[in-house]
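Below, chain A partners chain B and then partners chain C, in two separate complexes.
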Partner chain A sequence: MSPTELKRSRVQLHADHVSNVSSMDFPGTVTTGDGDDDLSWSLDRFKQSFDINITSLDPMTLTFDMINVDASIANAFRRIMISEIPTLAIERVYVAENTGVMQDEVLAHRLGLIPIRADARLFEYFDPASQTATDLNTVVLNIDARCERNPAAPDDTVDPYQKYTHFAVTSADMTWVPQGFQAEAFAVNPIEPVTRDILITKLRPGQAVKCELHCQKGIGKSHAKWSPVATASYRLLPEITLLQPIVGAAETEAFRKCFPEGVIGVAKNADGEPEAYVKNPRLDTMSREVLRHPQFADKVRLTRVRNHFLYTVESTGIYDPHVIVAQAADVLIEKCKAMRKALVEVTQLGVEV
Partner chain B sequence: MTFVIRDEDHTLANSLRWMLMKNPAVTFCGYSIPHPSEAKVNIRVQTDGSITAVDAFDKGLCDLIDLTEHVKTTFVSKIEKLDYEVPDTMAITW
Partner chain C sequence: MSNVNAPPSWELFHIPDGMKKISMVKDTKIPNAATFTFLKEDHTLANILRMALLRDPKVLFAGYKVPHPLEHDFVLKIQTTLDTTPIEVLRNATRALLQEIMDIKLKFENEILMYGSRQLYRTSVDIAF
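Showing the complex of A and B:
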């Protein structure tokens, strides 16, 4: 790799600092001299180089690689997944009875954070001006939990779960009250909390929690309870380059131990001697331990590939994680379209340009 | 020319800045958020005179839409290939 190419496409890690951090893939910055110097935007070129590789998918997590995009785009996707994809969450709690030890406002806050499985795309935002709840903007859930002594409990038990009925109030106690179109639209996938074992509060005999919960549509930007992801993150693909061969049983073993298990492999070379090779750089945490060893510091180069992003999207369970990524793209497109519309409006107003 | 965008943040501003800088006619593009508690972004665009800043801005938005649409179609087609680690019980719905 030429020094220019290295500078352009890799972030380099040193013992005490990181270099080549900013991207420089813009017209008029650098030339590689290999004929591929046009750095202006071209959709065709982008389509040729861009790629996505899915590693694994299950209902809660998705891992995939996004290759050949700039950090600003990768970051836009991550940020949108966290804070701009609408979901439904409990926004209003009407407390009829709460005689437990937990105060109303603490209870309401805890309820708000429980993920509710409902497709927010079928709903509208609650209009704060009219303050009118309709079947299109509100989902109603009920909690009615009353704790009593359990007459069937063994005399010698100290376990409150046996001694009392309804000792713990959990998300399983939330029941959905369909409104208007909802009963039909959600007949197959009834609206409910994503998991049924979320502890909300605990009660003693004679105490009760009775409230009506109104879920509204919102985005993570205004409150984290509306975020559809537990987390969405990316890291750059680690790359380890051996500048000189590392040979010999003791040397290779010491070298291998500088990295997490599975990153470095050892194989017999042509002379029959054990030689280290890079087996799976993806597993590396980029701890830079190897650079602390003077015998290795000049033999290895630690870099990260600047335009290769390894995403991990962890859903809260409301949407499948691949749906969140697809929706993020839609949100970004919508943002641009809205901006274009606003631009036309502003320029037509006769603003001097 | 400086564009002031309300209710936007780094998400749009940084990707748009990158896209504008990709345009050879744009000699300078940068953005700033003057105050963190004000939902406002200033994007400054300066061109070499061959196009106006408004046109460059609009082209940047169009290019960003093209890019995102391609990312989405690629992602959807890769997911539907099912050539990755996925439980058999999982049905792919959008």
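Showing the complex of A and C:
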């Protein structure tokens, strides 16, 4: 790899600093000299180079590689997944009875953070001006939990779960009260908390929690409870280049130990001696431990591929993780369209250009 | 909510009546330069716009800032070569962005489908043997 290419496409890690951090893929920044310094953008060129690889997908977590995009696009996806995809969350709690130890506002806050499985695309935003709740903008859940002594409990037990009925109020106690169109639209996928074992509060005999919960549509920007992801993050692909061979049993073992398990492998070379090779750079944490050892510092180069993003998207369970990424793309597309519309208005108003 | 002093949540995305999403002020000192103010947008859009503008060889300068952390607006400054205008390059940049993101979405959905069918194939092979 030529020094220019290295500078252009890799973030370099040194013992005490990181260099070549920002992207230079813009016209006028690099002259490679081989006539290939046209860095202006074209859709065809983008389509050729851009790539996505799914590395794992299960109902809660998705990991994938996004290759050959600018960091700003990668970051826009991450930001939108966290804060701009609408979901439903409990926004209002009407407390009829709460005699437990937990105060109303703490209870309401805890309830708000419980993920509710409902497709927010079928709902409208609550209109703050009119303050009218309809079946299109509000989902109603009920909690009615009363703790009593359990007459069937064995005399010698000290376990409160046996001694009392309804000792713990959990998300399983939330029951959905369909309004208007909802009963029919959600007949197959009834609205409910994502998991039934979320502890809300604990009660003693004679205490009760009775309240009506109103869920509204919102985005993570205004409150984190509306965020559809537990985490959405990316990192750059680590790359380890061996500049000189690392040979010999003791050397290779010391070298292997500088990295997390599985990053470096050891194999017999042509001379029958053990030689280190890079097995799986993805597993590396880029700890730079290897650069602390003088015998290795000049033999290895640690870099990260600047346009290769490894995403991890962990859903809260409201949507499948790949739906979250697709929705993030939709939100971004809508943003661009809204901007194009607004740009037309800027000129239409007759501003001199 | 009337007894708390938190700003209303819709302040993050609601554009006040009579205001426009994008406004432009032409620079009086620098040729072919203008400053755009985008209301109720943040780094998400600002940074991809800056990037899309810098990819255009006709753009001499493009940069953005968020003037105040409590106001959900950003300003974008653009200077171009003499054969075009800031608003023209901005329009081109948004079109390029739109194409790029649509392509990303298409590719992503394709990959998800392919991953699903690969998994299905694998399970069916497992069952067969």
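Just so we're on the same page, the second predicted complex is superposed on the first by the 352 of 353 C-alpha atoms of A that agree within 3 Å, B and C clash if a C-alpha of one lies under 4 Å from a C-alpha of the other, contacts with A are read in each partner's own complex, and residues count from 1 in each chain.
Basically, contacts are C-beta pairs under 8 Å (C-beta built on N, C-alpha and C of every residue); 3 or more make two chains touch, one makes a residue touch a chain.
For clarity, every value in this text was computed on a predicted model and none was experimentally measured.
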Chain A superposed: clash or fit between chain B and chain C?
clash
Does chain B (first) or chain C (second) touch A:Asp330, or do both, or does neither?
both
Check whether A:Pro128 is in contact with chain B, with chain C, with both or with neither, and answer first, second, both or neither.
second
Report for A:Ile246: first if it touches chain B alone, second if chain C alone, otherwise both or neither.
neither
Please indicate which partner A:Arg340 is in contact with in the superposed arrangement: first for chain B, second for chain C, both, or neither.
both
Could you say whether A:Val140 touches chain B, chain C, both of them, or neither, answering first, second, both or neither?
neither
Where does A:Leu57 make contact in the superposed view: on chain B (first), on chain C (second), on both, or on neither?
both
Does the superposition put A:Arg79 against chain B (first), chain C (second), both, or neither?
both
Chain A contact set shared between chain B and chain C covers 23, 25-28, 39-41, 43, 46-47, 50-54, 57, 64, 66, 69-70, 72-73, 75-76, 79-80, 84, 322, 325-326, 329-330, 332-333, 335-337, 339-340, 343, 347, 353
Touch list for chain A against partner chain B, complex:
23, 25-28, 39-41, 43, 46-47, 50-59, 64, 66, 69-70, 72-73, 75-77, 79-80, 84, 320, 322-323, 325-326, 329-330, 332-333, 335-337, 339-340, 343, 347, 353
List the residues on chain C that touch chain A in their complex, please.
8-10, 12-13, 20-24, 26, 34, 38, 41-45, 47-48, 50-52, 54-57, 85-88, 90-91, 94-105, 107-109, 111-112, 114-116, 119
Contacting residues of chain B [partner chain A, same complex]
1, 5, 8-12, 14-15, 17-19, 21-24, 52-54, 57-58, 61-72, 74-76, 78-79, 81, 83-87, 90, 92-94
Interfacial residue positions of chain A with respect to chain C in the complex:
23, 25-28, 39-41, 43, 46-47, 50-54, 57, 64, 66, 69-70, 72-73, 75-76, 79-80, 84, 128, 218-219, 221-223, 322, 325-326, 329-330, 332-333, 335-340, 342-343, 345-347, 349, 351-353
